[in-house]
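You will see two complexes here that share chain A, one where it goes with chain B and one where it goes with chain C.
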Partner chain A sequence: MPSASDILSALQSAFPGSIQESRVESDSRLWVTVDQKKLLEIAKFLRDKQGFDHYSGSAGVDRMADNLMEVVEIMASYANHNIVVMIKVKTPRDAPSVPSLVPLFWNANWYERESWEMFGINFEGHPELYPLLLGDDLVGAWPWRKDFKGYPDTTTGKRTVERVDASGLTSYRIGLTDEQVDSGQIPQRIEYPTFREREEAHIESESEMILHLGPQHAIVPGPFLLDVLVDGERIKKAFLDVGYIHKGIEKIMENRTYLQGIVYTDRMCYLASISNNEAYCGAVERLLGVTPPERAQYIRVIAAELSRIQSHLLGTGEFLTLLGSATYSPFQYMIIDREDVISLLESITGARITHTFVRFGGVRNDLPDGFAEQARKVMKMVREKTMEYKDLIAADPIYRKRMDGIGVISPQDARDLGLCGPPLRASDTPYDMRREDPILAYPDLDFKVISRKEGDSAARVDVRLDEILESVYIIEQCLDQIPEGPVQEKLPKKIKPEPGEAYYRTEDPRGEMGFYVVSDGSDKPYRVKVRGPFYATFQTFTPLLEGVYLADVVAIAGSMDACTSEVDR
Partner chain B sequence: MVLNILKGYKMTFKTAFKDVEVTRTFPEFMMELPANERGIHELDATVCIGCGSCARICPNNCIEMVPFKYGNPLKNKKMVFPSIDFGRCMFCGLCVDECPVSCLKMGKNVVMAGWLRDDLILGPDKISVKRHTPQEVAALEEEARRLAAEKKKAAAAKAKAGDKKPAGAKKKKEEAGGES
Partner chain C sequence: MELSAIIEAISSWAASEPRIYALIIGLIGAAVISGVINIVAMYVVWLERKVLGDIQARYGPNRVGSRWGILQLVADAIKLFTKEDSIPRDADKPIYVWAPIVASMTTMLVAAALPFGAVNIGGKEYPLVVANMDLSALYVEAALSVMTISVFMAGFSSNNKYSLMGAFRGMARMIAYEVPMGVCVISVAIMAHSLNLVEIVQSQTLWYAFAQPLGFIVFTVALITDLGRIPFDQSEAEEEIIAGYTTEYGGIRWGLLYFQEYICMFLGSIMLVLLFLGGWNGPNIPFLTPIAPMIWFFMKVLIVLVFLIWTRGSLLRYRIDQVTDLGWKWMLPLSIVNLAWAVVVGLYFA
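Then we have the complex of A and B:
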């Protein structure tokens, strides 16, 4: 297996003079700054010659002091090696423009759209540079730039202008003052077709129509708009509109101290708050150069696995109910089981959902007394119940009819589309961050990466149920092996990492969760980028739903276990 | 097929005759909360030094330092204590971790319904679980005054011994004493 320095020397010999800066952080992390003219060629070289077949996302950074914008492309590999290479390109701040990677990696699409709407970085050759998360009125304000002054409050009723038109109808709109327009706070409207126009352009004949599923719908809780262009019962094309609950968490975290940032990671996805905590704290730990004590590592593993169990139980139960499993309603039973798991988590962290538990260099508190016995009891129950669920759905004819062979994704497709987490593993790709990155106590623990060959909706649920069993096994090992000792590394009271940057990934219940944190030496992060797992999976809905029956939309989309809150952030 | 569907009811039957706790009639029956529970804050007003660390760390800015009579004037010179707006608090516990003298804790009480928004702002009189009685406060104040007077005397003695410089300091001390 190559190491990061091998990749660097291969790059340097293939592109002499184009690698402007480089840093080998560890055997599996490489940072390079490259000439932006060569970006496409370098990415192609890495993909075709060095096995970097996994495009994992990109982030924009506004370096206002240097009058530059940076785009960081994160590339990894599904099976060839476990190196992550972070490729940086720099572009002048007044007219930022970099080549788009969409021609090489299909899934670069959303990441680049997001960087465009937030920073105003143009991506040359991007097929559809339209806003993704922001509303149309914010496009052009480039809110993630450091000199963004905040958007004037246009929601107040006081400034509403009432107008009566010729037919006697009254309409209201919120006007902008001239000063706001002059001061440049209000962007000039950038011309692009609206979402509605874009989807209607695809209607070809009388028999076709657009059906709206959402923003409230029976696929997952959490608002998003899924419009499908149907001809009869077949879906010809699907359109996704997200951003209904965009909270701007990345920007909020830039305005809070490092410690305060932890609470915002909780609120990105309440089913995975521990792994979000973990990913953020892990990244900051890399910046600070600390490792948590061994006992804390074990506690973090236990909490993360418990959180995975409860997330999978809720996700599966909810999905099976929405699917209309006729013979029984697993949701009720899974919720009862989940209750015990949540209570267990609560006994460690003190909160049921938003844990705020992981700290830089440790955890908030030690395990409570009698935790091991209680945990063993609950784990035994979870194992028995999960086996029972597996039996039940194996025998349920309605379930099998609706799930078997529905929404099959081939391994190659799954990789090309950039799926992650259980949906990816259901397509015969055992790719798991707990294996890829040796974080926490995972290297000392014995576990299998669950995968399935079939790639259909049923396989995706199976992977989750088996992962519950695997997590139970991990927790039992942790309870046996956990050493005594401190749970918090000594850190200065004021957390001020050296200027630098770090990228840290964990395995969220939904897949690869990465945090890219940039420090400028102050007590607040300069930039936080969340590479969420469901963001990657969500993007694949549009190609996956093409050509399926309308009735299967719930089975396919629901089996991905969605979390819109984390997509919108 | 029918048999299979019937098999699906296995779980239903099994659970139907078992005593499974699914819903509780709150507030008659409160679930058991663990010792670590992060509920409504509890303040030990006899220990709080009024440093305001909790107010500074709070990500939601929900702590305000307000005056309160039943603390310890020896430790808490300004006699200000945290008042928490539970309409904004998200129970993250950062304030508790930050307190240098560990006088702020989070308890098991999680019930806080009210009719008005202001009902959710709980001042030190509501969240303090330990406080001094008026007599104790009076005694402590007496003590504080005595200490201040002693200090003043010491300062005056020093001023006499030394040059004119500490005179300003002495004056300042006098003012401070007058305030408390």
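Then we have the complex of A and C:
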């Protein structure tokens, strides 16, 4: 297996002079700054020659002091090695433009659209540079730039967005009245076809119609728009629009201290709040250069695995009600089982849903007295019940008929689409962050990475149920092995990391959750980028839903275990 | 026996004036049925909510009307009656308004020909039926399929994509399952040498569920399909098409459409009991001889109802193409095999 320095030397010999800066953080992290003209070639070289077949996301960073915009491309590998390379490209701030990676990686699409609408970075060669999360009225305001002064206040009728320019004067960028825009005054609205026009361009005959499954619909776990172009019962094309609950958490965290930021990570996805805490705190720990004490590492593993169990139980149960109806009883049984798991989490963290439990260099408090006995009892129950659910769905002929062979994703397709988490592992790709990135106590624990060969909807549910069993096994080991000791490293009261950046990944119940945190030496993060797992899975709905029956939308979309809140952030 | 003497007198009068007798019975029957059926349907809903609640480890209704919640449905009905009556602007108004009415009328048509048990007076059984016609088995089956017309009326007139898809699904399902259902009724009629439901019941010394098990299974599946209950509720699959053909209905119009489903469920259970489970036949109960047939009859109906509710709590939904597949490729051939069986066995026993 190559190490990060091998990759760096390969890059330097293949592209002499194009690697402007480089830093080998560890054996599995490489940071390079490359010439933006060579970005496509370098990415192609890494993908084809060095085995970086997993495009994991990208982030825009506004370096206002240097008058630069940065785009950070995160690339990793599914099976070849566990190195993550962070490729940075710099581009002038007044006309930011970098080459698009969509020709190489299909899933770069949404990440680049987001960087475009938030920072105004143009991606040359992007096929559909339309807004993703923002409403149409905010496009052109580039709200995540550092000089953005606020959203137009439609309540009071103030229609302007203020921006401080270099001379210190305020200029107004959008929100002008329609007359002013029509008269050709600058700035002009950016021209692009609306979502509806893009949709209706695909209608070819009288027998086709667009059916809305969202933003308010029984299958959606949170508001998102899934429009399907149907011909009878067959779907010809699917369209996705997200951003209905866009909260701008990444931007909010820039205006809060490091510690205050933890609270916002909880709210991104209430089913995975411990994993989100963990990913954020881990990234900040890397910036601070601290490692949590061993007991705290075990407690963090226990909490993360408990939260995985409850998320999978709810995800599977909810999904089954989508296949049947809300009256399908195993859903309620899973909720009852989940209740015990939640109570366990509550006994550790004091909260049932949003825990805010993980701290930089440790955890907030130690395990309560008698936790081990209670946990062993609940784990035994969860294991028995999960086996029962496995038997139940294995023997249900209607379930098999609805799920077997529906929405099959081949291993190659799954990798090309950039799936992650259980949907990816169901397609015969055992890719798990707990294995890839040895964090916390996971290297000391014995566990299997669950995967399935079939790649259909049934396999995705099977993976989740098996992961519950595996998590139970992990927790039982933790209870046996957990050492005594402190649970919190000594840290100054005011956390001020050195300027720098860190990327940290954890295995969320839905897949690969990554936090990219940039520090400028102050007590607030300069930029936080969330690489959400369901964001990656979500954009694959469009190709996956083509050509299936309307009822299969439920079977395919539901088996992905959606969390809209985390997509919109 | 004084009571049997009165009945004898009425019977002889009825034989002399059959038309007036039919008119009087029809009027009384219509009044009784339209009142009773709706109240029974309300309690079928209550039963479903209670049993489903128990299956799902919940309580179900437990506030209005004692801790059993027996008046919950009355409260719901009052609420539906007092809700605003709104019609979508783009709806096809006459059809939209008539759809729930056609649905209720259909249920009454079915109810008119169904015997609701029998009473035993002086060793003679008197079936409780309004219209005791010779073709009642066929008539009931035909009237039940008129229900689909109201479904289509509702779906088509709402001018809504979900409603239209629900209506189409309902039609496709009805066509696929009405045929095997009809063939099963014919098989029963062949064994009983009659299409009259009363005579079919009286001829069941051995329940037809045992005499032709295949027909019993096919009929049960087709009945669940006809009732549009899970796993065959594609026409109102909320996870796909919101509420199907009822999407645009509100207030008491929706209430009528909703209620007719439960009336149908009750009537369908009665049909199943009459055709395959021996109707009101059963051993005599001491001290309760006059109403013993009623007790047996409604006990069987209750068991069928609970079975139907149980399926709803424990089954998933088929996809619409799988439903039609099952109907045409399995149910129809099986019902024809059952018909052949009924002919052979029927001839042997005749």
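Just so we're on the same page, the second predicted complex is superposed on the first by the 531 of 569 C-alpha atoms of A that agree within 3 Å, B and C clash if a C-alpha of one lies under 4 Å from a C-alpha of the other, contacts with A are read in each partner's own complex, and residues count from 1 in each chain.
By our rule, a residue touches a chain if its C-beta (ideal position, glycine included) is under 8 Å from a C-beta of that chain, and two chains touch if they have at least 3 such contacts.
These numbers were taken from a predicted model, which means no experiment stands behind them.
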Clash or fit (per the criteria above) of chain B with chain C on chain A: fit
First, second, both or neither for A:S347, with chain B first and chain C second: first
Partner chain(s) touched by A:Q412 [first = chain B, second = chain C, both, neither]: neither
Partner chain(s) touched by A:N365 [first = chain B, second = chain C, both, neither]: first
First, second, both or neither for A:T194, with chain B first and chain C second: neither
Touched partner set for A:Q481, first chain B, second chain C, both or neither: neither
Which of chain B and chain C A:D396 touches, first, second, both or neither: both
Which superposed partner A:Y333 touches (first chain B, second chain C, both, neither): both
Touching partner for A:L320 - first (chain B), second (chain C), both, neither: second
Which of chain B and chain C A:V554 touches, first, second, both or neither: second
Closest Cα approach, chain C to chain B, once both complexes are overlaid on chain A (Å): 5
Those residues of chain A which chain B touches in one complex and chain C touches in the other: 325-328, 332-333, 336, 396, 398
Of all residues in chain B, those that touch chain A in their complex: 1, 4-5, 7-12, 15, 20, 22, 33-38, 57, 59, 90-94, 97, 106
Residue ranges of chain A touching chain B (in the complex, touch as defined): 256-257, 259-260, 262-264, 266, 325-328, 330, 332-333, 336, 343, 346-351, 354, 356, 364-365, 368, 388, 392, 395-398
Complex interface listing, chain A residues touching chain C: 209, 211, 217-219, 233, 320-329, 331-333, 336, 396, 398-399, 401-402, 549-554
Chain A contact footprint on chain C (complex, rising order): 52, 55-58, 161-162, 165, 230-231, 233-234, 237-242, 312-322
